[in-house]
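Here is the structure we will look at.
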Amino acid sequence: MTDFQEILDRVMVNMGKLGELLPKEMDSFKTLREAALEEGALDPKAKELMALGISIAIKCEPCITSHMNNLVKMGVTKEEIKETIGVAIFMGGGPSIAYGGKALEAFEQLSK
Amino acid sequence: MTDFQEILDRVMVNMGKLGELLPKEMDSFKTLREAALEEGALDPKAKELMALGISIAIKCEPCITSHMNNLVKMGVTKEEIKETIGVAIFMGGGPSIAYGGKALEAFEQLSK
Amino acid sequence: MTDFQEILDRVMVNMGKLGELLPKEMDSFKTLREAALEEGALDPKAKELMALGISIAIKCEPCITSHMNNLVKMGVTKEEIKETIGVAIFMGGGPSIAYGGKALEAFEQLSK
Amino acid sequence: MTDFQEILDRVMVNMGKLGELLPKEMDSFKTLREAALEEGALDPKAKELMALGISIAIKCEPCITSHMNNLVKMGVTKEEIKETIGVAIFMGGGPSIAYGGKALEAFEQLSK
Amino acid sequence: MTDFQEILDRVMVNMGKLGELLPKEMDSFKTLREAALEEGALDPKAKELMALGISIAIKCEPCITSHMNNLVKMGVTKEEIKETIGVAIFMGGGPSIAYGGKALEAFEQLSK
Amino acid sequence: MTDFQEILDRVMVNMGKLGELLPKEMDSFKTLREAALEEGALDPKAKELMALGISIAIKCEPCITSHMNNLVKMGVTKEEIKETIGVAIFMGGGPSIAYGGKALEAFEQLSK
C-alpha cells in the first residue's frame, strides 16, 4: 500500500533541502506559486483543484499528494475530488483512471 | 501567425470523420465528456477551465483551441483565462509560458 | 522489489471505487475500452500489446501492470512481450528501457 | 491545412543532416529501428501500427507522419488505421482524438 | 517550411502580454530563470544547452526556438548543438530525432 | 523511504535480461549511448548532467537513479547536481521540484 503521508513528508523534507541549496530559485518559485494560487477571478480552492487535475493528467504521484494535502486543509469535499478526477479521465484516458485512483487513495489517507 | 479558427475547424471536421469510423468509441467518449463536464459540485465553466489548464500543461495546441472555444461560448473572461494560465505556469514551468501564450492568442482570436 | 500483483489489486480496487463515485464516466469509459479492444481488422491481443507499448512509452507503471495482466490471461508469449518492448525502446529511448524492464518483471510475476 | 507530405520531406531532410552530423548515433539508431521492426512473433506492420499508436498517444506530429508513410507503403488499410486510433483514444483520452484526427488526415494525404 | 524567427517573435510578443496580465507570476519566473541560468559550477551556456536538450526531449517547438536563440547569441557552435541533439536522442528515441531535426533547422535559421 | 540502490540494482538486472532477449536492440542502443556520451565539444560529465536534467523534467525515477549513479562514479559535485536541478525546475515547474528532490535523495544515497 502506498503511504501518502510518507510521500508528503519526503516532498516537504526535500523542498526544505532544495530551499537551502537553491534559495533564489525556490524563493522565486514560492512567489510564483503564491501569485498563481491567490484569490482572484478564480478562488484558491478552484486553482488547487486545477493543479490536482493537472497532476493526475501528467501522472505525477508526489504532485497529487502535495496538492491533495493542500486541498484537505482547505476543506475540500469528496464531490469536488471526484469531479476533478472525472475531468482528468476525460483529458487523460486510461492512465488518468490509474492516477485518479491514486488521488482517491491520497484523499482517503490524508483526510483522516 | 497561427490561425486558431482553422485549427478548430479541422478538429471539428476530424471529429466528424472519427465519429463515422469509430461510432462506438466516439459515442462513448461523448457520453464520458458530457458526464465529466456537467454541473455538479464544480460548475461546467470551472471544469472547462481545468481542461484548458491541463491542455496547456501537456502542450496540446488543438486541445487548447477546442477548450478555449467552449469557454468563449460560455462567456469566459480574460481574468479567468489569465489565472488558468498562471496555474499552468506554476505546474509546467517554461513550456507552459509558451503554450499559455498560445492560449492567450487563441482567446484573442476566438473571442472576436 | 515491486509487487506487481499488489499494484494490480490496488488498480482494481480503485476502479471499483471510481465506478461508484463516477458511474457515468466509468461506464462510458468501459464501453469505449470494449469497443477499442474488440476483434476487428486487428485482433484483441494485438490491441492489448499496442496498449502495453503505449504504457511503456508513457512510463505508466499501473498501466503496464493492468495491460500485462490482460495479456497473460490471453496467453501472450514472452516473444510477443519482448518485441513490444523493442518497439517501445525504439520510440522512447533510455526511459523505455527502464519501463520495458518493469514490463518484463510484471510479465514474470503475473504469469506465474 | 497541414501538408503532411511537406512534414515528411522535412523529417527526411533533417534525418539526412543528422546522419552526417551524428553518424555513430544515427547508424546505431537505424540498427535499433530495423531490429525493433523486423519480422518475428509480431509482423512488421503490427509493429509499425504500434509505433503509430504510440505517436498519437504522445502527440508527436512528425512521428505520426513518418510512421503513417511507412504504413502506407506496406499497404495498410483504413480499418487498421482507425482501430489503431481507437486504441490510442482509449489510452490517451481527448488529446488522442485531436492527434488521431491528424493521423487520419495524414493517411488521407499520404495514401493518395 | 517552419519559420523559426516567426515562432520566436510570437513567443516574445506573448511573453510581453503575459507580463502585463500576470506581473507577479512572470516577474518571479524571470527571477527563477536568471538564478537557474547564472554562472556557477556550470556555466550559462552549459545550462542553456541543458534547457535545449530538455526542450527536444519533451517535444516543445517554441522552447527549442527560444533556447536556440539564446544559444546563438552566446556564440554556440554547431558541434555543441549536434552533441546536445545526440544526448536527447539517447534519452528520447525516435521522437527526439524528429525534434532534434527541428532544433537543427532552428539553429540554421537563427544563426544566419 | 525510497531505496535508490535497490532501484539501481533492478535497472541493472533488467538491462541484463533485456540484453539477452533483445540483443540487437540493446547492442545498438549501447552503441548509441556510448556515441552520445563520449568526449567531444561537450565533456561526458556535462552530457550525463544533461541526461539527468532530462530525467528530472520527464519525471523518470529509474532514469534519475541510473544517471546519478554514473555521475557519482565520475565524481560529480553537489554544486553540479543542484544547478542541474535548478535548470530542471525552470523547465518543468512544480513537478520538477518533486523529482529534483528525488534526485537529491538519490545523490545522497548513492554517493555514500
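We just call them A, B, C, D, E and F in the order they show up, numbering each chain from 1.
One rule holds in what follows: contacts are C-beta pairs under 8 Å (C-beta built on N, C-alpha and C of every residue); 3 or more make two chains touch, one makes a residue touch a chain.
This one's a predicted model, so the numbers in the text were calculated from it and none came from an experiment.
For the interfaces B-F and B-C, the C-beta contact count is higher for B-C.
Taking the options A-B, A-D or B-E in turn, the interface that duplicates D-E in more than half of its contact pairs by residue number is B-E. Chain A and chain C have CA centres that are 26 Å apart.
If you average the Cα atoms of chain E and of chain F, the two centres end up 21 Å apart.
With touch defined as above, residues shared between interfaces to two or more other chains in chain A number as follows: 22, 25, 29, 32-33, 35-36, 51, 55, 58-59, 63, 86, 89-92, 94-95.
Viewed as a contact network, the protein chains are fully connected, with every chain touching every other. By the touch criterion given at the top, residues 22, 24-25, 27-29, 31-32, 35-36 of chain E touch chain A in their complex.
Residues of chain F touching chain A in their complex: 1-2, 59, 78, 82, 85-86, 89-90, 94-95, 97-102, 104-105.
Interface residues of chain B facing chain F in the complex, by the touch rule stated above, are 89-96.
Listing the residues of chain B that touch chain D in their complex gives 6, 10-11, 13-15, 17-18, 21-22, 25-26, 29, 33, 51, 55, 58-60, 62-63, 66. Of all the residues in chain E, the ones that touch chain F in their complex are 32-33, 35-37, 40-42, 46-47, 49-51, 53-55, 57-58, 63, 77, 79-80, 82-84, 86-92.
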